[in-house]
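Next come two complexes, and both contain subunit A; in the first it sits with subunit B, in the second with subunit C.
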Partner chain A sequence: MRTSALKSLLTLGGVLFLLLFCLFPFGYMVLTGLAERPDFLRRQQRLSFTLDHFRDILTTPSLHFLDYLRNSLVVSFVSAACAVAIAALAAYALTRLRIPGKRPLLFGILAISLFPQVSLVSYLFKLMIGLGWINTYPALIFPYIAWTLPLTLWILVSYFAQIPLDLDRAARVDGCSLLQILRRVILPVAAPGIFSTFLLAFIFAFNEFLFALMLTTDYQARTIPVGIALFQGLHGEIPWGLIMAASVFTTLPVVAVALFFQRRIVQGLTRGAVKG
Partner chain B sequence: MKFEREGRTGLLFLLPLLLTVLLFIAVPVAGTIYDSFFRDVTFLPQQFLGLENYRVLLVDHVFFQSLGFTLLFALASVPLEVVMGLLFALILNRPLPVRGLLRAAILVPWAIPAAVSGRVFELIYNFSYGLANYLVLAFGLSDQPVNWLGTSYGAFAALVFADAWRTTPFVAIILLAGLVVLPEDLYRQATIDGASSLQQFLRVTLPLLKPVLIVALLFRTIDALRIFDVIYVITAGGPGGSTNALSLYSYQYFLSGDFGYGATISVVLFAIALLLAILYVRVSGFGKEPT
Partner chain C sequence: MRLELRQLGKHFVTRHGRVDALTGIDLTIEDGEFFVLLGPSGCGKSTLLNLLAGLERPTSGELRFAGEVVAAAGYRAWRSPPERDVAMVFQSYALYPHLSVYGNIAFPLEVGRKTSKTGIDAAVRTIADTLQIEELLPARPAELSGGQRQRVAIARALVRKPRLFLLDEPLSNLDAQLRAETRVELKRLQQELGVTTVYVTHDQVEAMTLGQRIAVLRQGRLEQVGDAQELYWRPANPFVGRFVGAPQMNLLKAHWRRDGDAVRLNLGGQELVLTGMDTTLFVDRQAGPCLAGWRPEHLHLEAEGKGPVLVGRAGLSEPLGREYLVHVNLDGAELTVLEDGRPPAAGETVRIWPEPERLHLFALP
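Our next item is the complex of A and B:
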């Protein structure tokens, strides 16, 4: 009896610690965004609330928050969609067709995802200058597709491998071509897996920092992480209230997605990592 | 005949993947290695140097400070993340009514852009009104506020914690996947044999979890070695270059237009990561079916 009581007490403590550990910076972010002054923790200060920061970050064009947000959404959406499409084609071939050198290919691609980004970025910079793409969406979209492909490929291979081959055979008997099998049989069956893969690729692209830092120069293509990192405000002092309001607007959708799709994301992540 | 056709079609299906990876990863990496043999500074004529950049690197004490910091950072943060990740995974694996909520909560640090959470931590470590010093003083851990970002020890600790916050969830989720598939019979048998919970953890859980633990460890180590965004935002390599990770050091040369020497630094980082990647492939079992 006593040990089981002790156990539930320990579990409760663990649960509280986990929640506190994971969520406290988020809470602090919200609080600072709402606070009139960022130094409300000073002994003499009192906490008073305002919505000004949240209003200003959305309505002041010179802060470019909405530009950064739009850039981030477009770049992440397009690159995640392309990465999933390219990876789906490849995963189909790798799980269905006889191709020599499958395993070296899969592990080679996996190894690529472990390269440090800094060892690509200078060459990408020169390449994008040569193409005249610096500070445009394609300068980010193409590297992001390549960068998320190892992850998307591995997850999709593990999903596709679970689909019984009988489905393919039946479709083949009915006279479907390979592309038709992929579109009409595999994709519908694997739809949930494809969706979680897309979510992961989107989050990866949305969070990327170094490429976006080096390959964009201003609000026309700059993404949210870089925008917030370089945010200095107009008057010299760090405008913490505005930064935190921007962070909340960036983070809320992410938190919502995490809440709604936690099962899918966890599934995708574990497939990407453990199956390797 | 049929196989040959399949092979050709397969190649067609793989072509977009291979092209993208070749153009935007393989070629850039090769290009960086190539650059490291040149003097390649903006506005100066490019000049082949052979191994001169590498020779300079060997006597560059800033490089060694940067290398030392990067290795120490990985050595401090990765074990912390794996231990905490294991703790969280054990909690997440318990049949609790709030399981879904816990899983969603643990995704939050992972899903927020590191640059964004980095700025929150920058404020948390603020000397005069940040949360960290507020807690330090409130709990009486010190009667003076700690100069987190102005001293090299403070900055090191601050970065390790900020990185652990961001990456522990990833470790926890990987380890959770390993825990879920452990056979329950083993635990039933162990309970019948009178093994305590602690014994069960040490004798059953840990040994069976070892392969997944190694995967998490290697993944995290490589990731910690190439760390960029968290440090760029929180300390920018300071104070006095004491947290200047290799990625940042290399980036600073690119920024000032010296692509040759910057490339040399990133080639070294790349080589370290590649060695670990090979180790990873070995440990995770190259020969096994990837599915």
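Our next item is the complex of A and C:
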């Protein structure tokens, strides 16, 4: 009896510690965003709360926070949607057609994703200058699609491979063309997997920093991570309150989506959910 | 619809070389016939079904539906599955998990786009009524039992009144009782609808009870085509003899020759002189070494005064309920005898009377 109590106590303690460890930065972020002065840990300072930072972030046009948010959402949504659409077609072909050299192809694609971003960014910069796309959405969308494609393709290939081939054959006999099989059977059956893949690609693009830093110059295309990082340069001091308030706003949609679709994401990541 | 298969063949090229799945299949299946393809696993029966459905292309020969060539080797002619108007029931049922039962059954009609919404609804409800699955229409496939999924799969296949109905081992995932019930129902349904049906199975009981004609396949070749009676009474070769009928036919190495109206059979030292049989059956068989076959039900342990007998030593007896399957050792060869009476004790010497007219003589393979 005593050992089991000890066990559960240890488990609880471990969980609490991990939770604190992981959530501390977020807690600190929220606290700093709410504090009147960011240096509230100093002895002579008193901690007092204000919503000014949050209001300023949303209402001060010169901060361009809402522009950054819009840019981020548009760029992430479009690139994730394109990546998933292309990956779905590719995964369908790779799992359903007789293609010679299927495995080398897949591993080649995986190998491409192993290049460090830094090794690409200078070339991308030259390319975007040449195209005249610097500081536009396409400058970010196209690299993001290319960058997320290996990941999305691999997830969808493993997902599609679990869908029994008999479903394809049944649909074929029932009168579907190959594309109709994809649209009417494979995609709906794989919907949870496609959805979680889309979210992963979206979050990846939403968080991306290096390309966004190099390929954008101002609020017309700059995304949130870069925008927040560059808050520092706007005024003489480092506006910690504003930075943290902006970070909270940025975190919220991602957390909300993750909580709301928690079941589907976990489902998508862990099982095929398709037993014919 | 009349099906003609002319020298149809299919081989696959794999990393380990060429695999011949089917070789030189010549068959004609009549309009409205219930035709069964029977064979052990790997004999090519499912490949043949896929060729009929249009899921695979033949590598030799040609295939005709009602006179029209729908597939020929070398891409000379090709009709895709949607153009062939065939329906298929899969062993795994292959129901669409994201659609309700109603959606599953309506699927072929919706894809076809030839039927109006009200027409689809009427067709779905009619076929659901025929198969008694109306109350299942709103359910998802995952909520159904094996037998119910089976019915939905059949309904989906039959809803658009196909020219050809294909079934790939549809009963093998059901328990024995349900299998027997569904078998009867399938036969009734097929007779009602009169749709040409090709049914694949490895179960000879299913084949015999369902098929108007049965084709026995082995290693991609046709061994024999005929109705259940023909396969049982006149198997063309030892393989068909052993594959059709349960318990399996006994095959004994023997020497035979004709002696007037009689047949002299030498079985490892014991000689039988059999009379009263239809020797015209053996007209084309040369005297000499052969395989002599008797089914266990045509061998009898109560041999007194019935005719020539074989002498052996009884082994184990397996009770089958109504009768016993008695194993008998005959100079080193194993025999099984189906016996209604009390079985002999192991080790006892037994005399077996084989019914002369039930002898099958096969050339040595």
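Please note the rule applied: the second predicted complex is superposed on the first by the 258 of 276 C-alpha atoms of A that agree within 3 Å, B and C clash if a C-alpha of one lies under 4 Å from a C-alpha of the other, contacts with A are read in each partner's own complex, and residues count from 1 in each chain.
Everything below uses one rule, namely that a residue touches a chain if its C-beta (ideal position, glycine included) is under 8 Å from a C-beta of that chain, and two chains touch if they have at least 3 such contacts.
All values reported here derive from a predicted model rather than from experimental measurement.
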What is the contact status of A:240 with respect to subunit B (first) and subunit C (second): first, second, both, or neither?
-> first
Pick one for A:201: touches subunit B only (first), subunit C only (second), both, or neither.
-> neither
Applying the touch criterion given at the start, work out whether A:127 contacts subunit B, subunit C, both or neither, answering first, second, both or neither.
-> first
What is the contact status of A:174 with respect to subunit B (first) and subunit C (second): first, second, both, or neither?
-> second
Please tell me which partner, subunit B or subunit C, touches more residues of subunit A.
-> B
Look at A:184 in the shared chain and tell me whether it touches subunit B only, subunit C only, both, or neither; answer first, second, both or neither.
-> second
Examine A:32 and indicate which partner it touches, taking first as subunit B and second as subunit C; both and neither are also allowed.
-> first
Name the contact category of A:69: first (subunit B only), second (subunit C only), both, or neither.
-> neither
Have a look at where A:151 lands relative to subunit B and subunit C in the superposition and call it first, second, both or neither.
-> neither
Footprint overlap on subunit A, where subunit B in one structure and subunit C in the other make contact | 274-276
Complex contacts: residues of subunit A adjacent to subunit B | 7, 11, 14-15, 18-19, 21-26, 28-29, 32, 38-42, 45, 86-87, 89-90, 92-95, 97-100, 102-103, 105-107, 109-112, 114-127, 142-143, 145-147, 149, 153-154, 157-158, 161-162, 178, 203, 206-207, 209-210, 213-214, 224-226, 228-229, 231, 240, 243-244, 247, 250-251, 254-255, 257-259, 262-263, 265-266, 269-270, 273-276
Complex contact set, residues of subunit A against subunit C = 164, 166-167, 169-177, 180, 184-185, 188-189, 191, 274-276
Please give the residue numbers of subunit B that touch subunit A in the complex, ascending.
-> 3, 6-7, 9-11, 13-14, 16-17, 20-21, 23-29, 31-32, 35, 87-88, 90-92, 94, 96, 98, 100, 102-109, 111-121, 123-124, 128-131, 134, 165, 168-170, 173-174, 176-178, 197, 212, 215-216, 219, 222, 225-226, 228-229, 232-233, 246-247, 250-251, 254, 259, 262-263, 266-267, 269-270, 273-274, 276-278, 280-281, 284, 286, 290-291
Contacts from subunit C onto subunit A in the complex sit at residues 53-55, 81-82, 86-88, 90-99, 107-108, 111-112, 141-142, 156, 166
